[in-house]
Amino acid sequence: MLIFIAKRLGLAIVVAFTVSFISFTLLFLAGDPAAALAGETASGEDIEAIRKLYGFDRPMLVQYLDWLLSAVQGDFGESYYFRLPVSSLIVERLSVTMTLGVCGITFALLTAVPLGVAAAIRPNSLIDRMALFLSVAGQAMPSFWFGLILIVIFAIQLGWLPPSGASSPMHFIMPTIVLGYYAMPAIMRLTRAGMLEVLSSEYIRTARAKGASEGRVLFRHALRNAIIPVVSLAAVQMGFMLGGSIVVESIFALHGAGYLAWESIARNDLPTVQALILVFSMFYIVFTFLADVLNAWLDPRMRSS
Amino acid sequence: MATTETNDPLLQEITGPTPAQMLRKRVFGHQGLLIGAGVLGVLLFVAIFAPLLAPHDPYAQSLMSRMEPPVFLGGSWEHPLGTDHLGRDYLSRLIYGARVSLMIGAIAALISGVIGTAMGVAAGYFGGRVDMVVTFLINVRLAMPVVLVALAVVAILGGSLQVVIVVLGLLLWDRFAVVMRASTLQVRGREYVAAARAIGASTPRVILSEIMPNIANNLIVVVTLEMAHAILLEAALSFLGLGVQPPTPSWGLMVSEGKNMMLFEPWMVLIPGAVLFLLVLAINLMGDGLRDVTAPENRS
Amino acid sequence: MSKPLLSVRNLTIDIPVGSGTLHAVRGIDFDLDRGETLCIVGESGSGKSLTSLAVMGLLGNNIRRSADQLEFDGTDLTTASPRTMRALRGGRMSMIFQEPMTSLNPAYTIGDQLVEALLLHKPVGRKAARARAVELLEKVGITAAESRLSQYPHQLSGGLRQRVMIAMALMCEPELIIADEPTTALDVTIQAQILRLLYDLGREMNMAMILITHDLGVVARVADKVAVMYAGELVETGPAAEVFNTPSHPYTRGLLRCIPLPGKTERGSELGTIPGIVPSLVGDVHGCAFRTRCPYAEAACQDTIPMHGDDSHEFRCIHADGKRHAEEEVPA
């Protein structure tokens, strides 16, 4: 178990460094930071001066190592637009995004798991077909469109919920649904498939032969086994969701890290964009790492090996 | 006696339908696959014959007839689905928008398919170090937030149709690599591959004529899913104003433009979004259907 | 003896399949007294397992069970509520399955699963339940029983797991235990140990036992009664000694020829086989199911054939003695 964690951690770290290198290179090759910094009206000489001042004329690898060295210490440079340290900007915005992510995955799990279990108990029943329809439709629904429809119905027509902002828990209801539904189909399908497989296994028959009630059989004996892969999927989805929060935050004007990313890209604020790509990648890496560890811990076969 | 004879499962197996007949039966017995293929066929037809079908020029502005409602909301048949904020015919823009979406979906899936399949097959076939490198690259790719990276790169390079297609193509190869690697691993151990190697077939020949045909069904399923993925991503990028740029008629862009008028004219958001939903739904239904009818466990 | 512990009359099991109904079990009758061992023998697919699952009420949702009588110690199982059935299952009648490797829940420790079996039925504390679990693990021959409680199924070998399954079935001291081919998945050397154990424990606790097997060697050693099944029907039933000494149904004799029995099979003689395959049981099934493979089949075999014989030893064949004498004259 410890060896497994150590190996997995090593992989996570190497992946993190590679991602940081790629994201740095990508933006380095794609744009001229000096020109972006100088603004549209700057002359060629101004741009040259800025290039020298910020060290953009040095070889790329040197610049990367320089950036990386600061980055691991939590210093991502200064935002071109806000003229503030990028790290404090991001930290300030992260709470909204994290709240949204946690609400989203909770919503997804609370709807998808019961639906998947219900569908597996009665395959081909009405509820199974309904769940299947929901998951197929959910996968095809563009999230920005879904968000706008919710706004039209619940904010404009019915006036029940605020259309944008993040000042109260009410503001998080629609964004949570939009972000959460994104992870729902996969979780539901995996729960259903897992439950179907487990319910036909011999140890479920053993549990029934012991005289366990149907509820006990379903939840204590079956779900406990079927939920193991769902847990790790949920963690992976959580990583994806944080990366996807950019769309949701822009629709509902939630000023989180995703919104910051959107603004910064539009403003050519490269240090902020670079840092955000790295931060979102780190979230994914950390979540998948935790998922694997949790998975190993939940499964006795892996725990003891 | 005769009754027990004909009921025999062994006999039924011998005199049963041929594989082709069974496939046909499964295809035509699969509602989702039929619906998906039907809708996709119609949209493909519309996209190909857009110039013949569109009642107006999708780019022609008319300041005199701005934001006319669709015919079912009291508009005229001149513009069956109304006009946008610049007076452009909504139906014509939708019809041309089908071209944009399908083109992006198809070409991006082609690019990522070539990259991902090459990596996946190499990893599955050669194993060892190659496999380690590919698996590592897949991990790295999955760790990068697609929307964010695509947005940033497209924003810097400029949001032309070509740039969006290439960027999406270069980003969406992960699922191809994962699925093709697994499929190749499965097929590699089969007897016919060993037989081909035993008679001295070269590696490219084994891959092309023994491995590829046997993993093609999985490849087709991933192609459909990634096509849908690319279409949705393009729409999201364009919606955020950092993808395909105006005046190109992209459905995501149309939703974005309609968003400002959403309070008074919600149809401007609903119509392009609904078409987008329909297209992606059709492709997904077809992909799921293809997986169902070609899945080995269904071949009994 | 008074009333039997388990009484089964005309048990029928139908399974809907794509092309009709599979008549998997047709008209089974048997009685079982306390402390008695009944062996049900027959080849795979003859309905042995389904019969035992039907008694336990563990058939799947889509499988239809009907019987004129299915009574356990005065309780009518055909009309029993799910709650009554749950109280019986594991409490007064237990089952041991074929696959020890997959019959234990991989997510819980051996101790948890043993304790659960007791707590579901008896108002005792966890501590007492654990003590009982240790006691039974020792009884089924597991060393270091105390420490086994915290182990997971994957940490045990197949033989140990089957011992755990037996211990689990015995937790509540059931009156009836059904063992469905409990040793087929195990090594040959372990098979004998497990069967021995099961048999001794059954005697010790005065349990009635239904042992399902296709190993006639085992039957000869442990059975009080034997029921031979073929294609969903009982073809012969009776006291073990009688069935072995005067096998009356042609199928039973065929089965006996397939295995060497000490004292019955002559050294150097060839073991027999039964040619042909089992008929499909889908659709309209009538007459003797064995007629397609029987050397004595006649036109009348297509009609319904009643059981005949004396009180205890019965068989289902149109021939008065199942053509036993014909074979004794011309050895196969």
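All chains are identified by letter, namely A, B and C, in their written order; residue positions are counted from 1 within each chain.
Heads up, the rule we're going with is that a residue touches a chain if its C-beta (ideal position, glycine included) is under 8 Å from a C-beta of that chain, and two chains touch if they have at least 3 such contacts.
Computed from a prediction, not measured in an experiment: that's the story for all the values here.
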TODO: Work out the mean Cα position per chain and let me know which chain is farthest from chain B.
DONE: C
Open item on the list: Quick check: more C-beta contact pairs at A-C or at A-B?
Closed with: A-B
Task: Separation of chain A from chain C, taking each centre as the mean of its C-alpha atoms, in whole Å - done: 54
Open item on the list: Report the inter-centroid distance (CA atoms only) between chain A and chain B in whole Å.
Closed with: 23
TODO: Among the residues of chain C, pick out those that touch two or more other chains and give their numbers.
DONE: none
Task: Of chain A, residues touching chain C in the complex - done: 201-203, 205-214, 221, 224-225, 228, 299-301, 304
TODO: Provide the residue numbers of chain A that touch chain B in the complex, in ascending order.
DONE: 11, 14-16, 18-19, 22-23, 26-27, 30-31, 136-137, 139-145, 148-149, 151-152, 156, 242-244, 246-247, 250, 261-262, 265-266, 268, 273, 276-277, 280-281, 284-285, 288
- [ ] Could you pull out which chain B residues touch chain A in their complex?
- [x] 32, 136, 139-140, 142-149, 151-153, 155-157, 228, 232, 235-236, 239-242, 252, 255, 259, 262-263, 266, 269-270, 273, 276-277, 280-281, 284-285, 288
Open item on the list: So in the complex, the part of chain C that touches chain A is made up of which residues?
Closed with: 56, 58, 82, 86-91, 94-95, 97, 99, 102-109, 116-117, 120-121, 152, 154-155, 165, 168
